[in-house]
Every structure is written in structure tokens, then in C-alpha cells.
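Just below sit the structures, each encoded as C-alpha cells.
In the two complexes that follow, chain A is the common piece, with chain B as its partner first and chain C second.
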Partner chain A sequence: MSTTSELDLASPAPAKASPARSRRGLRGNSTFNFWLFTGPFLIGLAIFIYVPIGWSVYLSFFEARFTVTPEKFIGLDNYRHMLTNDDFVGSLGTFTVFAAFIVPTTWALSLGLALLVNRLRFMRAFFRSVFFLPTAVSYVAAALIWKMSIFSGVRFGLMNTVLSWFGIENIAWLADPNPPWYWLVIVSARLWLQSGFYMILFIAALQNIPAELYEAAAIDGAKRGWQTFRYITLPQLRATSTAVILLLLVAAYQAFDEFYNLLDKTTWGRPPLVELYLKALGENQDYGAGSAGAVILTVLICAVTLFQGRLMGFGRGDESK
Partner chain B sequence: MSAPSNSNFSRRTALRAALGLAAAGGLAACGGNNGRGGGSGSGVGLNQYFHAYGEAGTEQAVKKYAKAYKDANVTTQWITAADFENKLFATLLTDNAPDLFEFHPQIQMVRSGQVADLTDIIEPVKDDFNPADIASHTVDGKTYGVRMIDDPQFFFYRPSLFEKAGVKVPETLDELIEAAAKLTTGKVKGLYLGNDLHAVINPMIWSAGADTLDEKNQIAYHTDGVVEGLKKMRSLFTSGDLLLGAPTDYWDPSALNQGLCAMQFCGMWAMPQFQQTLGDDVGVFPFPKVTADGKPSVYNGGWSMFVNAKGKNVDAAKEYVKWLWIDQKEYQEDWATSYGFHIPPRTSIAEQATKLKSGLPAEGVKLFNEFGHFDNIGWTQAMITALEDVFANCVRKGGDPEAALDKADAAVGRELKKLFG
Partner chain C sequence: MPGIRKPAPDRKARRTGRGGVMGSTGLYLATGVAALLFLVPFYILVRNALSTDAQITGENWTFFPTDVQWGNITSPFDDSSVPFARSLWNSTIVAVLHTVGVLLVCSLAGYGLARIPYRHANKVFYVVLGTLMVPTAVTFVPSFVLVSSLGWVDSYRGLIVPGLFSGFTCFLFRQYFLGFPKELEEAARVDGLGYWGAYWRVVVPNSLNFFAAIATITFINGWNSFLWPLVIGQDPGAWTVQVALSSYTTGQTVVFHQIFMATAISILPLLFVFLFLQRWLVQGIAQTGIKG
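Up next is the complex of A and B:
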């Protein structure tokens, strides 16, 4: 309403009536406009996100094999089954360790790339694009390239060819879990796919740091390089770092594509989502147990994220300063 | 809505309504594509699922047969994924489920009412089918699938390489391991069993004198012979004589054809491709016996047509299955022998199949008849996965066979209890 009156005051008297009147239709009913603009999105969100979540919570209390409209209520049996299922609990453990490794590694790599690209004096846009491009690659396509050409176990695989120059025997990177070379394959694929995106976030944050801070630091005698980085750059990146780590944590627990494609038919290196996929959509078609697992995983992700947010102060008012 | 109270029904109001409708319409449109296609509008539309066969011309053949059928418009989904069964099982629960599909006989699909009873279309020609193929598709006197092709699986080898290395065709698993060692040179590995070795699980169990389930549908794979076999497989896996991490899996003839290995576990289907590349320099032998009291074995796999009992056009789908896989013998022979080699499950067609009568194909047929084990309908995908985990855990990962088998017992037991009580 206040905008309308401001407009009235600013407008000359004769022209006031008709334009203000027709505008009032759109401006006056702000509740309706709110729903007009957010409605379609909310409907989509409800249908594709909240209904499935609600449905899987519902399914998790039923014996739902070979059906998604079950009738037999079994209470917490599915939860009991999933929590005593070694494969699922084991994969939660493995992927907590995986997250503890991959999150700092990706964070450090993307921050490093951002610092390097940001310091470039020429061809900055080129390198920024080069590092960002893998983000656009499908995980499945990347997994197949990693599996069939780079880390193929035969003598003409890229890595085996390189190793053979040094007289090293062919290695079955993915087929043989001892030693666990498959982690090398997965971690390299994941870093290649993901760090570019987080690098862009860091570059944006780096460009937001006021130059005066660096000037002031230089005047105060801070040395260029490590000292400036440690006491100016890093604290200034705190908000972005927190967000990046949060996203990485969620991504680590939600890992699926490259694991599913690289480690086909193994019993090792299965992320929780692959376990759930096999449980619910695989040959077992046990939607009840699968949903129970999904709920457990969601709760876990929420808990870890909230804990991390509290630890690093995500969402606090002063965090952007 | 505020529209009625508004005195002048402006174009903005109309626009709002239109926007709302468009948003709703856009969402509703999501359900429109069910993969059935428009077609010419004559007759019913049927949708069938096939896994992607590796041989050239197979997809065209399936579509050619479908086109020749006049009473329905049959569309084919050619599923290229390695996990055909996962995709099939998932879609069977939805409205986009195919009306008919190829798969292997598994009792859980019968128990859950997913596959239709096909007894009435098979009954008239029952005597023409291989009795084992009828038995493997029958539960309580009702037959649920029509076998299209039988695919025995065995080893292919290069006799010239055997001669050079002074190796004879292995008759025991120990001899196979020894042969693999002798045949391994700088560039050629002795043996290829596929990247996950899962293709040889059942043959190894049978060759150890055991079975997956016994006649009473109880666990029959947990024997000392199988444990011995698993330990031998582990020693083979770690010997360095096994080709691992090849770009193609066991069902593709590339590994042997490209000279990556001297022996490969594969199937009858790939025989034409082996012969084309290697000429006369290719032979076959069954999975050798694992224990002294064991017997060589061959897995007689294959594919069958099933009708989705929950589909919208069950009768039309049954008619199509009857037309193509019971009546059209010419197409059935074409399907079995023109692309890859498969053994026709029907005696009358098998007798006519001249391509399978001599040379290497005849040897394959002999192995099929002499050492073959057919599918057991009670052995379901969940149980197959349980034994795949056994192989993964103790052959590839080096775990204790007894512990791995105990774990499988629990999983298989859970499944058996659900299916047979």
C-alpha cells in the first residue's frame, strides 16, 4: 500500500487516476501475487519432493514388496531390519569415513584451483572454463570413461600403458579389491567432476574480498603469501567454505552414479544409496525396507549437517562479515 | 478467486487464469508419455521389453516380427543397460509396464501375480517343447512362459595356443588353473571368466556335485565341495593368469577374439562371431569337475517370453506370444540361428536347424545335451544375488568361504520362507 501512495504523490494529478487504478489490480492484492508466482513452483515441489518423501515415510511402516500401495502394517520392523542389516550399516560407516576424507580433499583442491585461477593475469576466463567444464559432464559418462579407457585392466588401458613404461605389471583397478585401487579410481573421478563447481563458488567469494583489506594488511606489515592468506583470505571465505563443506557433506552421503557404474556387482564400496537402490528397486523390490533406510539416511544427513552448521556457525548473523 | 468481486474483468485477470491453467496443464502433461506410441490407430497397442542382444541384426529382427503381426501394433523397447532385470522389475510396478517381456523363469513373479498363466497357449504344442524347458516354467501344473531360445554356456579356447603351450583340454578345475598358468604369456592372459566371475557360479556349484536348491526347495549349495571350489577359484583369481578389468564382459566374444586371452567362458550365442574371427582355431569344453565325485557341467540359460498379468491388454499380449512364439516357426528358427547361435527349444525346429548339425555348433549342442543344467524356477533373483555376493566376498575379496556361505544361507532362507513358507 505504501508504494501505491508514494506513486500517487510522485505522479502528476491528471495522469493519476487511470494508471494507478489498473496497477492496483496487480499491486494491491499482494497475497494473490505471492501465490501466483510461487504457486507453480510450490505445486512442483509438493508433487515431486514432499509427496515422495511423505510416501516413503508411509511405506517404511508397511510390508511393501512388489508394490507401492501396501496394506500390511508392520510398525518398525523395516527399521529393525535395516538397522541390523550389516550391508547398510556398514555402508553408513564406510561413507562416514569416505566423507571425512573426500570433503576436506575436494574443499582444498577447489580452493587451491580458485586461488590459482584468481591470480592469473591472462587467460583467466579460459582456465576458469576449463576447470569448470567437467561439472557439465554426466557422472555416468565420466564413470564409463574412467572404467573402460583410463582405468581398464587390460594392457591397453591408459594407466596400465603408462605404468608399463616403467615396467610395472598390469593392474586390475576395479576387478580386484586387494589392494583397494578402486578408491583411487573413484576419488579421481569424483574430484575431476566436482572441484570445478566449488572452484567457481570460491572465485566468486575471492572477488568479493575488498582490496582495502589487503592494502591495510600490507601497510600493517603482513607478508604476502601465507600470512595474508591465513589471516585475511581464509577468514573472509568462511561463509563460502561453510556452504561448500555443507554441500560436499550431503553429496558424499548421496553418492550414487559413479559408484554404481564403476563398482558394478561388488559387495564393497557401496554407498548407502546404492544399498537402498538394490534393496528397493533391485531384484528384491522391498520398498518398505528401502524407504526405512532412506528415512534413516535422511535423518543422518540432517544431523550431520546441523552439527557441522553449529560447529562452523552457518546461518549466524555475523558470519558474512 | 478475486475475479468475481472485481467489477471489470480485465485482461490481467484472464491472463492470471490462463497462467494457472498452463501451470496445471504442464504438470498434467507429464503423465502423457507411456512409451506406447501413437501408431496407426488400428487395433491394440502392445509394448514389449527385450534386453539388448549383442549380435548384429537382432533388434531389426524383433521389430520385423512385430511389424508382421496384424492384430496389434507392437512396439519394442530395446533395453541396453546391463541391469535389464532391475529396470524390468521397477517398471512392472508402474503404469508404463510392458505388456510382454523376455526374462528367465523366476517363481517370485508368479507368486506376486506379475506374469500371466500361459498354459492354454502352450498346451497344444507342449510335446514339441524340450521337457526341461516346460518343467522350468511350470508351477503347480501351470506354465507361465514360452521359451524362445536355449543358450548353453561353456568355455571357448584356441587349440593352436594349447598346442604351443603343451596343454590339453582341462578335465578338472585344477587342470584348468594349471592350463591358465601355462597359457599366460607377456601379452596374453590364460583365461577370461568375465570381470565379476558371476557367470561361472552355477557351473562351479554343479561341477562340485552340488546344486542351488534340491527337489524340496531347500539350500543345496552349501557343501564341502563348493567350499573347495571357492578356494580354488580364489587361487585362480590371485594367480595373475586371469584376465581382469576387460572392457567387455564375458558374454561378448571380444576378449578371445582380440587375443587378450587363450580361453574364455562365453555362450553358444557368440559362436558365429568366434568362428568368423578365429576360423577353425576355436574349440569348446564344459566347466570341468571341481571335486573327484563331481561332473562337468553346462548352464543351459536362455530367454523366454512372459505376459504382464497386470497389463491392460493381457489377452492381446497372449495372442501375440502365441502367434509369434508358438505358430510362426519360420521366425522362431530365424531368431535361433540367423544372428547368434541358440538352441531352439522346440524339437521340430531343432531338427530342421541345419546350421547346428555339424562342426563346432554340433559340439555345443552335444555339451548342452550331455552336461546341461536348466533354470530352476524356484531360484530367484534375490538368491542369485546372494551367491554373487559369496563370489564377490570370498573369491574376489579373499574372505572366508564358510562365513560367506552362511551369510548367503540367511538371505536365501529369508527368500525361501517368503516363497514356500
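Up next is the complex of A and C:
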């Protein structure tokens, strides 16, 4: 219905008039069209993103257990509670350790795979597919394979089987935080799942490096291998590397699935979102404190994103060369 | 040791390997070993899904069951404690409607922001950009509060609707439409089409590659998402397949072949999507992944 009226309005002008007039004719109803196109999205954004965030800020100042329409205003107590809560603060520490492991390893592995695949002359598509395939697997499925077989603490787990061939005793990968083998399980699962994705980004970036640069380097006597990599490839990948690191950090911050499924009944290895889940949707259903936690995490991620963007000059329009 | 060869795409076919036979052997050896390691989890999955529990837990490692247990395929469906078939159905509905909805809502908004002149378009764009700074996963508590007060817990609406308004996807569409050739739209205008008509008859049909790329990524994310379905699906009838899989880890009894078969079945649709749509997927990631 709006379509037809809009058609009627728009059609006569371009048909007869000069380009200048036709543009004016369109501008006349472009405001209407702008809202027609963006309206549904913006309404949804308001209801499902902005309203919850606002509500959450509101809830965080109230005592809200088992209810989302609280009455008792308690000021900053929820924030004080969360910031002095060892579990919550500890979860930020868990995130830091996790990020320190997963960001550099994923960066290195995905770049390494990209360099390998990019140099293949035949079967390139095949190998790219193999490395990319885990992208289709969910974190839950990977967690199951890792927990129930590869890093199962029992004798018939794959890793323990392999270790037993070398006469090494069974290791309780997940059930014992001392030594913290669970990090190996967590990090290897995520590495497997996400490296292929970032490999694709690096391959695209590698293919954008002008061949002339390598020719010039060869003429200047740069040795193939490390020298060309260090002085040509790596600097040319700067923009992509920066973006990848930022994406990896944000992804690590949101880690939930594999921690939840791998370390289900443990008290260790809880990243922020798992902690928040247990707080808000666990036994106590403490929405007030949970909201305060969500606000704290949101502020932190915004600060990190902005700071990193500034620091690394990463933003819109900044593309790999 | 092999040297780094020029990674110039246009020359890859003609490039002569200066690393020689040795270099190329080393290269393929390294790639092959890495590929085998990447395939190990798939091997484990298939092996365990088609074995008996006695073989899985046996004293010696059996590389592959000699008597393949095809009968295991029905075992996840026979288990009454986890509504596996129902969860597959729920996941299908959710992933499909999620994909269709996201494509529709976000592409329209992206086009409006990119191409329709409006005085305050910039301000509106900042409203969208603002949501990019906050990952939706971080706000799951407030979102749950809202959705539960709407009474949408345990419903398809609750599973699907809140996820439709992806600022990031809208942003990707906007960037894409900014680069869409203006001449095509102008031709459409000359033919008497307004914005709406030009969008559906000219812009969308000429952007199917981009739509396919976004659709593939969105579908995979929709099928694989876990946190939101876990929060919303409190009743087993509303579980998606990921939540159903997760429930196996907390189950009282562990039936190995059943868990692995269920996992394999849950991955299968995606492998098909992946095999047939990989081209668009790779293209989409290469084009858009970087711009986040």
C-alpha cells in the first residue's frame, strides 16, 4: 500500500523532467522512504538493545531478586557487591589469562596457516577447506568432543591413550585445577574452532600485497624467507593483524559456550559471562547484581574498544592496503 | 628450507618453485601434518558415533570399528530424557527464520542509511554504530529481563526476534550498498521506479552474492548459538539442538556412542551448508570480516 503511493509519486518526475528536477522530486519523499527502510530495524534496535540496557542500568540500583520490577532502591550497593566479589573480580582475571593465551596463539596459527595455504600450488582449495571446516562446528559440539574423548580424564581418552604409549600416567585434564591443564583444553578447542576463520582474513590480505614489493625486495638483495617476511609481509599485514587482534579480544571477552560446557561443575575457570549467568540466572536470580555486573562489563569493553581503536588507528575506512 | 614465495595471486599458476622439489615437499609435509591434526576431532566424532560403548572404552585403542554400528543413528532419538528430534526441529525453525529476518531487516536499514538522503541520517547512523561497541552477549541479562517480562520465554519469538537487530550486519550492508553502482539505480528511476521498487527489482537481484554470503554466516551463527537459547529455553520443549547437546554433559548416565552420534547429527546440516556455500562464505568473510 505504501509501495503504490510511493510509486505514483516517484514515477512522473524522472520520466519527463531533467535530472536536476527529478532529483528534487525524489528528495520530496526521501524522508518517508528513509524511515520506511530503516524504521523496522530502528524500532527493533530501540526495543531489544537500548531499552534492555536502560532497564539494566535502572535495575542495577535496586535490590532485585526474583523480580524485574523492584522497589527497594539501594544506590551503588550492587556495584559495591560485584566489585568486591571475589568470583566476579576473579572472572576478569580468568578473562585476562584466557586472552593472554588465545589471542597470540590464534594470531600466530591463523597467520601460519594462511602463509602455508597461500604458497601451495595445487590442492590449495582442499587444504583451505580442511582448515576452515571447524568454523562450521559449534562450540558446544567441540566442547563435547574435547570433554568426552580427546581430553577425557579417563584411560580411554585420546590424549591419555597417546600418553600411555609413552608410559605417562593418566592426566585429569579438566577435573583438577592443579596444575591447570584445563587451559590447554580450553585454548586448543577454541584454536581449532576459530583459526580457520582468521586464516581466511589473512589469505585475503596476503593476496592484496603487490607482487612488485617482493620483486623490489629481491632486487635489493633481501633473502627469501625470514627477511622478506619480516620486512615486507608482516608490515603489509599490519592493518589486518590489528583488526584480527581486536576481533579476537572481543570474542575472548564474550567466551561462554566452551567454558560452560567443559568446566560445568567446577569452581575454577569461570570467565565473566559464566559468572554473570550464574549470578543472574542461577539459584538466587539476582537481577540487580547481575545487571550491575553487565553494566560493568559493558563499560569495560567500550573502554577497551575505544582505547584500542585510538591506539592502533583502527576504524572505519581503515583498510588493509 | 623453503623460502617464502611471492604470494601474488595472479601469478600463482605460473610461478616456478624456486624452493625446488625439496622446498615444496617440506611445504606439503607441513601443511599435511597440520591438516591431519585439524581432522582429528572429526575422526574421533565419526569413530565414536559408529562404535559400541565397549569399543570406545576398551583396553586398546581401536582405530575404527570393524563392525560399524549404523544402528547408533537412531539412539539419540530413542532416548526419552532429551527431546533430540524436537530440538533439531526447533533449531531448524530458529536458524531459518533468524536468517530470513536478519537479511530482511538489516539489508533494508543498511540501504536506507547508505542511499536515501535524509537530513539526520548521520545521527541515525550513530545510533546504530553505538550498538557495535557493546557485544550482544554481554547484555544477555538485561535482554532476558525484557524478554521474560514480555512473556516470550520458551517461545520461538523469544528465541528469534531479539537477535534480528544486528547493528553489525546492518553496518555491513550499509558499507556494501555505499559501493553499489549508482548507475543501476538511476536507470531504475528513469524506468519510473521509486526507492522501494528500485530496491527490490534492481538492487537486491544484483546483490545476490553479497546476500548469500551474509545469509551463510548468519545461518551458521543462528544454528550454533548457545547462550541465548540456553537462557530462553527453560523448558526442554523449547531447547535448540545446542542446548540439547549441552544437557548430555550434565546427564546422570553417559552413553558415549549416543552423545557422539547426536553431536555428529547436529553438525551434519552445517557441513552441507558449508560444502555447497563455501565460496560465498569465504568471499563474505574476506569482504566483511575485516571491517568489524
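Heads up, the rule we're going with is that the second predicted complex is superposed on the first by the 287 of 321 C-alpha atoms of A that agree within 3 Å, B and C clash if a C-alpha of one lies under 4 Å from a C-alpha of the other, contacts with A are read in each partner's own complex, and residues count from 1 in each chain.
As a working rule, contacts are C-beta pairs under 8 Å (C-beta built on N, C-alpha and C of every residue); 3 or more make two chains touch, one makes a residue touch a chain.
Since we're looking at a predicted model, the values are computed, not measured.
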A:Gln254 touches, of chain B and chain C: first, second, both or neither? second
Partner chain(s) touched by A:Leu297 [first = chain B, second = chain C, both, neither]: second
First, second, both or neither for A:Ala243, with chain B first and chain C second: second
Contacts of A:Met148 with chain B and chain C, given as first, second, both or neither: both
First (chain B), second (chain C), both or neither touched by A:Leu42: second
First (chain B), second (chain C), both or neither touched by A:Trp55: second
Partner chain in contact with A:Asn178 - chain B first, chain C second, else both or neither: first
Winner by number of chain A residues touched, once chain B and chain C are compared: C
Touching partner for A:Phe132 - first (chain B), second (chain C), both, neither: second
Which superposed partner A:Leu83 touches (first chain B, second chain C, both, neither): neither
Footprint overlap on chain A, where chain B in one structure and chain C in the other make contact: 22, 26, 29, 36, 40, 44, 47, 68, 148-149, 154, 264-265, 281
Chain A residues touching chain C - in the complex, by the definition given at the top: 2-3, 6-7, 9-11, 14-15, 22, 26-27, 29-31, 33-38, 40-42, 44-45, 47-53, 55-56, 59, 68-69, 113, 115-121, 124, 127-150, 154, 156, 158, 161, 192, 196-197, 200-201, 203-207, 209-211, 214-215, 223-226, 228-229, 233, 239-240, 243, 246-247, 250, 253-254, 256-257, 260-261, 264-265, 273, 276-277, 280-281, 287, 290-291, 293-294, 297-298, 301-302, 305-306, 316, 319-320
Of all residues in chain A, those that touch chain B in their complex: 22, 25-26, 29, 32, 36, 39-40, 43-44, 47, 65-68, 148-149, 151-155, 157, 169, 172-178, 264-268, 278, 281-285
Chain C - residues contacting chain A, complex: 1-13, 15, 17-18, 24, 27-28, 30-31, 34-35, 38-42, 44-45, 48, 56-58, 61, 105-106, 108-109, 111-113, 116-119, 121, 124, 127-128, 131, 133-146, 148-149, 161-162, 164-165, 167, 170, 189-190, 192-197, 199, 220, 223-224, 226-227, 230-231, 242, 245-246, 248-250, 254, 256, 259-260, 263, 266-267, 270-271, 273-274, 278, 282, 285-286, 289-292
Residue ranges of chain B in contact with chain A within the complex: 2, 6, 10, 12-13, 16, 19-20, 23-24, 26-27, 82, 85-86, 89-90, 93, 108, 112, 114, 187, 195-196, 198, 237, 240, 243-247, 260, 380-382, 384-385, 388-389, 392-393, 396-398, 418
